[in-house]
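Both complexes below contain chain A, partnered by chain B and then by chain C.
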Partner chain A sequence: MIELYVLLGLMIAGAVIAVEVKNLLSAVVAVGVVGLGLSVVFLLLKAPDVALTQLVVEIAAVILLIRATLHRDIASKFLGNRPFGAFVAFIFLVLTTYAGVLIFKSGMPPFGEPLMAVSRFYPLNALEGTGAMNVVTSVILDYRAYDTLGEATVLFTAVVGVLTVMRKMGRKKDLQENDE
Partner chain B sequence: MSKERERGMSVIVKTVTRLTVGLILLYGVYVVLHGHITPGGGFAGGVIIALSFINLDLAFGKRVSSGILSKEGTGVIEAMGALLFLALALIGMKYGIFFKNFMHPDGEPGELVSAGIIPLENIAIALKVGAGLFGIFLTLIAAQKFEAEKK
Partner chain C sequence: MNAYMPYVLCLVLFCIGIFAILSKKNIIKIILGIIIAEYAVNLFLVMVAYKAGGRAAIFSPNRGEILPEVMVDPLPHALVLTSIVIGLATTAFMIALAIRLYGKYGTFDITRMRELRG
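Now for the complex of A and B:
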C-alpha cells in the first residue's frame, strides 16, 4: 500500500502547485499530474473501468485546456497577501484533521469490508440476470440505468450550454454595435 | 498560431499521426463494442474515438477534420445517440418496465452478442459522448481563433 500513499502525496503536491504557480502552462501540466496519478490510484484499487475512463478524460481535458485557453491573454494579477483566505484555509485544515482523527481513531476497517447486502447481490446475480461478463457495465446499464440516463442528460445539457454560449450569432451582433 | 491552425503541424507530426490515428480509432471502437465483456464501455470508448478526431484536427489543421465531421454534424450525431438511448429505454415499457432488458437471453455470456440491450446502450452512449466532446473542442477552438482576429 506504500505506492498508494506516494501517489496521493504526489497528487496533493500537484494540486497545490497548480493553484499557486504563475505560469499557465505549468499549472495545466500540474493538473495533468493530478489526473494521471488518480488514474493509477484507481488501477491499484482494482477498478480498471474507472481507471480507463479517468485516464482518457484527463488526456482530453489537458488537450482542451492547452489548446483552447493557453493562448489567451489572461493577466495573472498579483493579488497580494490574502490574510483572510489563509485564515479560512487554516481553520478548514484544522477542522478536517480533527474530524479525521475522531472518525478513524479506532483504525480504518480493512479494504473491502464490510460487504453490504446490496454490493453482495451484484457479483452473485449479475451474470445470470443480465448476461454481461463485466459486472460494472451490468450495474450502470441495467440495474442502475436511471443513473446513466441522468448522467447522459447532464452531459447533453453541458454540450447544449457550451454551444449556446459560444455561438456565433450573438457575437456578430456585438461587433456591429461596437462599430456603430 | 492561426497559420498552424489552418495547415497543421510539421511533417513529422503528420506522418506519425497518419500511422497511429487509425489504430486509436480502432481501439475506441473495440472498447465500445466489448464494453460488456472487458473493462471500458461507452463513455471511455466514446472519449477515445473523440480523441482520435482531435488528434487529426491538431495535426492536419482545420480543413481536413471539418471535411470528415463538421460542427453541425457533431450536434446531429450527439442528438441521435441521446435519442437512441432513450428509445431503448422506452421500448422496455412494452415489456413491462422502463429500461427492461428485453433481449436478455441471446447468447452465451462472454461472447460479443450477449447481455441483451447493454451493447446497444454502450453504442448510444459512445455516439453521444464522442460527438459531444468533439463538438465542444471545435467550438472552443473557434472561439479562440475569433478572439485572435479581434486583436
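Now for the complex of A and C:
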C-alpha cells in the first residue's frame, strides 16, 4: 500500500499549500490537487463509484471557486491570521489528536479489516434482491432510496438558495451598484 | 501503530482543514478549510470500508466469479456518495454567499465585515 501513503502525503502537502499560500488562485488550484488525489485514493480503496463522483464534484467545485476568486484584484492580497483563532485552533487540534489516540487504543478495527456487522447483508443479497450487478447502486437506489430522495431535496434547496442569493432582479438600487 | 497509519494521516488532513477554518481571515480560505475537512471525513469513511485484498463491490460475469466474501464494504461507499454531492451543494451556497459579501463590503476579510461581528 505504498502508493496510498504517497497519495496521502501529496494530499497533505496540497492541503498545507492551499491553507498557507498567499495567492488565492494558487490556493484553489492546490485544493484541486487534494480533491483529485482523493479521487485516485478512492480508486485504490476499491470504491470506483465514489471516485467518479469525487472527480466530477471536484472539477465543479474548482470551477465555482475560481469564479469566486477570478476578476478580483485582491486575489493576491494576503490578509493574515486571527491570533485568537490560531490559539483556539491549537487547543482544538490537541484535543482532536487526543481523542483520535483514544479511539485507536479502544479497539477500533485496524486498517484493512472492516467490521461489516450489518452491511454483510448487502453483498450477500443484493444480486438476488434487486437484480443490480453493482452493490453500491442497489444500496443507493433500492435499499436506501429515501436517502437519495433526501439528497435530491438538499440539492434542490441549495440550488434555490444560490439562485436567491445571486439574483439580479428585485434587489434594492444601492445593492445592485456594488455588485460586480 | 502501523495498522492505523492511514487513519492518522487522514486525521492530519482533517486538522489542517480545522486550522484553516479557525485561524484564517480570508473567507475563501475558510471555505477551502471546510472543503478539506469534508474530504478528510469522506476519506475516513471509505478507509473504514476497505478490506485488505478485497474487490470492488460489483458482480461481473467477465471478471470471473467474485464472491461476496471478498468484497469491500459497500454501505459506506453509498453513504459517502450522498455526502460528496451534498458537500458540493453546500460549497456552492457558501461561495455564493462569499461573492455577495464581497459585493457588499468590497473585501473578503471577515474582521472588516462589521455587521457580522459577534
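Keep this in mind: the second predicted complex is superposed on the first by the 146 of 180 C-alpha atoms of A that agree within 3 Å, B and C clash if a C-alpha of one lies under 4 Å from a C-alpha of the other, contacts with A are read in each partner's own complex, and residues count from 1 in each chain.
The working rule: a residue touches a chain if its C-beta (ideal position, glycine included) is under 8 Å from a C-beta of that chain, and two chains touch if they have at least 3 such contacts.
Given the structure is predicted, the values throughout are model-derived calculations rather than measurements.
Asker: Is A:G85 contacted by the first partner chain B, the second partner chain C, both or neither?
Answerer: The answer is second: A:G85 touches chain C but not chain B.
Asker: Quick check for you: in the superposed arrangement, does A:N134 touch first (chain B), second (chain C), both or neither?
Answerer: In the superposed model, A:N134 contacts both chain B and chain C.
Asker: Looking at A:T53, would you say it contacts chain B, chain C, both, or neither? Reply first, second, both or neither.
Answerer: both
Asker: Mind working out whether A:D142 is in touch with chain B, chain C, both or neither, as first, second, both or neither?
Answerer: A:D142 sits against chain B, while chain C stays out of touch.
Asker: Using the superposition described at the top, determine whether chain B or chain C touches more residues of chain A.
Answerer: Counting residues of chain A touched by each partner, the higher count goes to C.
Asker: Quick one: classify A:I63 as touching chain B (first), chain C (second), both or neither.
Answerer: A:I63 contacts chain B only, not chain C.
Asker: Identify the partner contact of A:M166: answer first if only chain B is touched, second if only chain C is, both if each is, neither if none is.
Answerer: both
Asker: Where on chain A do the contacts with chain B and the contacts with chain C coincide?
Answerer: 48-49, 53, 57, 60, 64, 67-69, 72, 127, 133-134, 136, 140, 148, 155, 158-159, 162, 166
Asker: Name, in rising order, each residue of chain B that touches chain A in their complex.
Answerer: 1, 31, 35-41, 43-44, 47-48, 50-51, 54, 58, 75, 78, 82, 85-86, 89, 98-99, 101, 104-107, 109-110, 114-116, 118, 121-122, 125, 128-129, 132-133, 135-137, 139-144, 146-148
Asker: Please give the residue numbers of chain C that touch chain A in the complex, ascending.
Answerer: 1, 3-26, 28-29, 31-33, 35-36, 39, 42-43, 46-52, 54-60, 68-69, 71-82, 84-93, 95-100, 102-104, 106-109, 111
Asker: In their complex, what parts of chain A are in touch with chain B?
Answerer: 48-49, 51-53, 56-57, 59-60, 63-64, 67-69, 71-72, 127, 130-134, 136-138, 140-142, 145-146, 148-149, 152, 155-156, 158-159, 162-163, 166, 168, 171
Asker: Tell me, which parts of chain A touch chain C in their complex?
Answerer: 1, 4-5, 8-9, 11-12, 15-16, 18-19, 24, 27-28, 31, 34-35, 38, 41-42, 45-50, 53-54, 57, 60-61, 64-65, 67-69, 72, 74, 79-82, 85-86, 88-89, 92-93, 96-97, 100, 104, 108, 110-114, 116, 118-119, 122-124, 126-127, 133-136, 139-140, 144, 147-148, 151, 154-155, 157-159, 161-162, 165-166, 175, 178-180
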